[in-house]
Every structure is written in C-alpha cells, then in structure tokens.
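Shown below is the structure under consideration.
Chains here go by letter, A, B and C, matching the order in which they are written, and residues are numbered from 1 within each.
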Amino acid sequence: MAFLSNNPQLSQNGELQHLLTIEGLNAGMLRHILDTAESFVGVSERDVKKVPLLRGKAIFNLFFEPSTRTRTTFEIAAKRLSADVFNLNISASSQSKGETVLDTVDNLAAMQADMFIVRHAQSGAAHFIARHVAPHIHVINAGDGRHAHPTQGLLDMYTIRHYKKEFHNLRVAIVGDVLHSRVARSQIHALTTLGVPEVRVIAPKTLLPAQVERMGVQVYHDMKQGLKDVDVVIMLRLQNERMRGALLPSAQEYFKSYGLTQEKLALAKPDAIVMHPGPMNRGVEIDSNVADGKQSVILPQVTFGIAVRMAVMSILAGN
Amino acid sequence: MAFLSNNPQLSQNGELQHLLTIEGLNAGMLRHILDTAESFVGVSERDVKKVPLLRGKAIFNLFFEPSTRTRTTFEIAAKRLSADVFNLNISASSQSKGETVLDTVDNLAAMQADMFIVRHAQSGAAHFIARHVAPHIHVINAGDGRHAHPTQGLLDMYTIRHYKKEFHNLRVAIVGDVLHSRVARSQIHALTTLGVPEVRVIAPKTLLPAQVERMGVQVYHDMKQGLKDVDVVIMLRLQNERMRGALLPSAQEYFKSYGLTQEKLALAKPDAIVMHPGPMNRGVEIDSNVADGKQSVILPQVTFGIAVRMAVMSILAGN
Amino acid sequence: MAFLSNNPQLSQNGELQHLLTIEGLNAGMLRHILDTAESFVGVSERDVKKVPLLRGKAIFNLFFEPSTRTRTTFEIAAKRLSADVFNLNISASSQSKGETVLDTVDNLAAMQADMFIVRHAQSGAAHFIARHVAPHIHVINAGDGRHAHPTQGLLDMYTIRHYKKEFHNLRVAIVGDVLHSRVARSQIHALTTLGVPEVRVIAPKTLLPAQVERMGVQVYHDMKQGLKDVDVVIMLRLQNERMRGALLPSAQEYFKSYGLTQEKLALAKPDAIVMHPGPMNRGVEIDSNVADGKQSVILPQVTFGIAVRMAVMSILAGN
C-alpha cells in the first residue's frame, strides 16, 4: 500500500483521512461512500431529520470565497448528523490583517476543531491545509479554484447509480465549460474509475483544457453528434465572466451551439437523464423546458448531495 | 368552503398552510393563533427555554432584504421550538449570478426544507414562493415591500388582548406613515376582523393611501382630535428616507404635528396603552418620555412577538 | 463589602454579575475563574464536546465591531455549554437607522436574552450596557476600544499558571504596543493582583501610555535589558495602522528593535514561555522561528481560552 501514502487524503492503512479530490480514490472507496450515502437518504425524509452520529463534534465551514449555496449544503449535512457548525467567512480583506491561512487554521485547530470544510479560490488550498493539520482533524474540499469539488462529483455518481443502477454499460456526455469547471474534472475521474466505458466531453475548443483526451474522454465539438445515444447528459454551468470575456461570441450564440434543448436531447437515449450542478443559467446552457422536464434529475441531485455530504463526514469522523 | 381555496395560505379544508397576510384570516383563526401563542409565553420564561415540538425540522430564514432584528426574532422562535435554523442572506448581487428566486427555493426544498421565512423588498414575493412550493412546505411572510408583515400584526393583537382583554369595546388609533407601512395594513385588517368597533388613522394626507376609508377606518389629520378617548395608540415608524423626501417638511415639523408626547397622550383614556413596532426614532414619531413611560407596552410587544412566531410555526408544522 | 458595590460587575454580595474588566477583581475571584476553567479543559478533549450546563439559555454575540476570531471563540464556548447562540453584527450603517444601542439591547432583553457578549470600538460600551440591563442578564466585555478585553487577560493568566504553577516567583515581560493594546491593561492588572512581583513593559516611548509606571510596572526601552532572566514573555500585536502611522519608522525597524527573535529570547530564562494574543504579524513583532518554537505556548493559549470563556459564562449564569 506504499503508493497510497503519497495521497494526502488517505491514511497509511488506506483509509479516507480527508476528501480533497476524487483522483486517487479507487472504485471500492467510491462505492463505499455511495453505499453509506444511501443509508442517509432516509434520514432527511424522516419527521425528525437527525441522527446523533457527530454529536458534540465541531465542524468549521472555512470559506475563503463566499458560496451561500455550498456552505448551506454542508451546514445542513452537519446539523443532520447533530454536529456543532461554525461558519467563518474569511474575506481577502480580513486576511490582509496579516494572519496567514495556516495561522488561522492552527488557531481553529487549537479550539479543538474536528473537521474543516474548505472553500478557496486557489487550487490546492484544501490540500495545503490537509497536509498541515494534526491527524485527528479532517479536511473536506468544498471547491478550490478550477481544480476539484469532490462532493459534487460524488453526488453526481450517486445520482447516476440511482437512476441507471450500473456504470459499466453507460455512455455519459459532459457538456460545456470543461476548462473552467471544478466539477468536470472530478466527474471524469469518478466516471472512469467506476467503469463507465464511454465518457464524452462536448465543448468549443476554447472551453476545453489542453490534451483533455488524456483523461480518457472522447472529444466532440458538435453537440448533435456528441449527444447521440448517451444515457446521461451532464450540463456544466457557464460562468457569467466567460460570457463577457473573449472566449465566447455571446450567450445567445453559446445557447444555439451548446445549450441543451428538447430537440438536441431527443438525440440521446429516450431514457437519458439530464444533470446540472447548479446554479443554472436558464436560456444560456440549458433551456427551461429541459431543466424542468421529465428527464431532468437536477433537483434529486441536490437531495442526494446532502446524503453524500453526510456520508463523507461520517466516514471521515469514523476513521 | 370553496371560497377559501382562493386564499393561497389556506388549505382546501381551511387550515393554515402558509402565513402570508392577515387578510382572509377569520376571527376564529386569529384567536386560535393568539391562544396558541399564550401557551408559548411561559416557555421563554423557563430556565430551559425550549420545547421539542419542531426538533429535526429545517427552517430557512430566506432574507432577500437584510433585517437583523426580524431575522433574529424568527431564529429565536425556531430554536425555542428546537428546530434547526439556516440563515440565508441573498443579496441582489448574488441573485445577479443568474439563478432565479424559484430556482433558489427549489434547491432549498430539495434539501428537505420544512419552512421558509421570507423577507423581500417586493410586495407579493412570499405569495409567489408559497404558490410554488410543494404542499408539505410552509411559508411565513416576514415582510414584503409595503404589503404585509403578518406576524407583526398578530403580535400587536396579542398585546392588545393581553392588556385590554376584549376587542369589541375598543377605540384604537394608528398614527403616522400609514402609506409606506407594511404593518398598518395588517393591523387594520386584524383589528376590524377581531371586532374593534372604531379604528382611527391619524396622519398627514401625504402619508395616507388613497381611499383608506374603504378599509373601515376613520381618518384624522389632527392628532389631538384623533387621540381623544382612545384605548390603544399604535405609533408607526417614520422611515428616514421619508424625512429626507419631499413628502414631509422636516423631522422637527413632523414631531410637532404627529410625534407622540405626554401632552398629546393625555387626551387618550388614562389607561391607554402605547405601542410601536420598532425600531423607534425617538424624537421623531415618539418622545422618549412616552417611549419609556408607564403606558408604553413597546417592550412587551417584543416579548409577545417571540411567542406569536412560535405559535405560527407550530401551527403550520402541525398542519 | 460596601466598596464592591461601586463596581458594576459585582453584585451587592460580591458575586460576579458581569465580566467587564479585570480591574476590581480580587485574587480570590481570579483564582475561582481559573479553577473553574480547569474543569472545562477536559470537556473540549472529549469525544462529545458538550456539557448541558447552559441548555436553553439565549446568548447573544452583540458585535458592533467585526471580529470573526473573537466571536468564534465565544460561540464555541457557548455551544459547548449547550446554549443557543445568536450572532448579531451591528454595523455602524445599521445603527444609523436611528435605533440607539440601548434600544437594541432592550429589544434583545425583551426576547429573553440571558447573556450579551459585547464587542465595541468605544471604551466603556460594555459597562454602559451592563449598567442598563436587568439584574438577571449578564454582560461579558469582548473588547472595547483600547480599554479592556478581560477574557484574553484571564486566559493569559490561566496559561501562565498552567506552565509556571505559581505567580509569586515570576518575572513577566510585556513587549510592544502597550499604548493601543486592550489586552496589556488587563494583563498588568491580573498579574499584579495574582502576586507577580516583577512585571516589565518593554516598548518605545511612543507606544507607552503616560505614567505607565503607576500601574506597578518597570519600564524598559531596550529589549535585551528587559528580557533578561524573565520567566514569561508576552508579545503584543502591532496593528497595521500603527506601522503606517507616524509613531514608528517602519515595520523592519520595529522588528529589529522590538521583534522577538531566538537571539533575544536567549536572554530570558531557559524555560521561559512565549505568549501572543493573536493574530500574529510574523516578522514584525515576532519571528516565525520563535512563534513556532518549543518555548511558544501561543496555541495552548487559544485552547485554554475556550475553557476560560466557558468558565466565565457558567459562573455568570450560576450567579
């Protein structure tokens, strides 16, 4: 297991110590997380939506970049596990008061933190913190720069498994701004690890990373070709700043070429599901008819996301 | 009961599904809320200020317009009922990221929200959300534009009943900026529904809605005439922007004509009570002597407000 | 005990009613707080970091000046005592809406608050509030202007006692911006009250209050002389605004003269401990080697700070 020790999120005996990225997690580990999440889906449907698993634990939402939505999902998951949650929005301005990120983390650790949920605009921030903290403290990456957003990737896998049962017979298309997406990378790794034989990315050249084929995906620039006979369509959010930038002609042009409409979706398998990590830009990357249509599983993704975050927290706290 | 189904806050069998406005609630419903609140007043006086009625419920303070005070009263009420509370301040700037209000609401609903406390600068926002959500989710309007702020109206009724026992023999004066008040409208509806025979509004013409008489009130422009022999004086907050606007000559002038002083209050009945929804502009709409005087029940209003909000939440969650 | 009644933080029978400043607390009272804190250190090390002592109590973090770090320490302490915590950041802008500080406090008191943790930029704000509230409500000063920050002073005493066991045989040096520090004043009072025979302050003249000698300290302007044979070195934070101001030539110059390096620390006793209230300016008042070195007890200070705040809250709530 020597090779595992190079991965900061796994302990020396291969247990999940932090969740930083889906890269490096094997299929068994991914399945264990999904199975654990399955047991938590029911908790949120109960009258009393709580289990005492993390009672008295101190979980810190350490957000160096604001994200009300992501922060809320982790806060809900933690409170359903009965943990105490502390929200810290650490803006660039407060950081300019001179304290380093590691001093902030050390101080919170000295207050007997059990877990940090880290969101940061810079890639690698959660890794940096994870490498620094004492072994009894767990770090979850809630999005770092363009790099990773592993709980989003995991909830996507949960959703696919929920609707499609198996991975080994699927054709999955990821459509849109793969280049700037912290989600796409996580998804591609998870899909290939779980045995999906055909992962496609559909995007204009300007929104694809260099040598994306090396990640084991097939590249399409034409949506009609790319969506042909797929089982799962994963739409990516097009960030506003891209629309205003030089990479794209206009939101209207983008929608025409890469926005998901009922007409384009008809090229996929009849029972194909449509996913989106949210928040959606209706009329830019996805048509409202599709977003609210019967193939859309966008809201179930959100529901499963709570269960997946509860699963990750409880697995980490148990290790 | 067919006529009730036109009111989005009542279920088909006439039960309270949402609390959006006092309009449309009959006297029986209002009394039921006040009676329930009475049973909660004691909880806040206990050593352990909590009952487990809403344990494990997820209540979201969905504030599209900031209001620390209002948010705090709902947060206190929810925590005293043992619910889990999530505070979301959704500024105009975050909404500009492209997600619609309904997408935000759908996402939170998918996280298994049980209740939304909605504050929004636009009239009708809470109605809009209530019409959209699934039947098991309850919406409380915590203030929408100039329209309604029903829990404030209810706590005012609770306060009046607490001090005056009955409604059918009362003369009540509402003084000040009726035009821009989200509270005055709720109060007038509640008072007339509960059988108050004489409701007066006292204000300059510029601060009265057109055809206010149609709401069943008597209009006075002179405070000394209007306060004569009343049992209850409800002062309204004069918002700063009005003072700076063209509607009023100056804060000093306003105080002289419509500010409540001991001298003017002496024209009311000797046991008249003085109410104010807060926050007060001392020296503008109310003199400090009166605000802190022995006829003032302004702070008891705040205390009863917690009990009333607990009552509304527990009634909604029980339906 | 008549003299005690002049101190707003002590009740007529000499019990702690509020914690506003260390001034006026006798050695017995200080030792009682430290002893109580000792019993709470263990709580934070447990698997379930909670005791039910303040269950159902409503504790308000009333921050008129933002301080994420200080707010968090009180929030953690309160939640470990099972209290309900409400965070209110009351910016200058919201205060400009016309409500006075005392009206805000009265309103929260009417919501059955049990305790206010007050942070304010103006000296005396917490005293002002404490003098105003009803006897069953307790106020803790979490920093007021340059004046006091008593829980910081208490956690420093706890830390010194933890490592040095006794106070009566110690030489303690406080180094840096004594003039603008809300902490230094609290520390000097506590140290002299607990019987430390020799308290030194080391600073340039521009960063010392007039007639600081009257507080019972020895003044040094040269760090090498001042640190000679001390048991405890307390470094103060140099605030950025001082560095940019006219009081100091430059951060580099300051570090050369008053920054703590290994070389200067070698002049203290070999087992001297190094303390800092945080957040640190590494390379300005303290060298990273020292901050992270084996004589540093800066992170244990943070840990003890939670226990001290739990102790103060539980003592106040019990009185």
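In this text, a contact is a pair of C-beta atoms (placed from the backbone, for glycine too) under 8 Å apart; a residue touches a chain by one contact, two chains touch by 3 or more.
In this text the structure is predicted, and so the values were computed from the model without any measurement.
Comparing the residue numbers each copy contributes, subunit A and subunit C share less than half of them at their mutual interface. To overlay subunit A on subunit B by their CA atoms, one rotates by 120 degrees, a value rounded to a multiple of 5. Rounded to a whole number, the gap between the C-alpha centres of subunit A and subunit C is 41 angstrom. Multi-chain contact residues, meaning those touching two or more other chains, do not occur anywhere in subunit A.
By the touch criterion given at the top, residues 44-50, 68-69, 72-73, 75-76, 79-80, 240, 278-282, 284, 299-300, 302-303, 305-306 of subunit A touch subunit B in their complex.
Across the complex, subunit C meets subunit B through its residues 55-58, 84, 86, 88-90, 94, 97-100, 103-104, 106-112.
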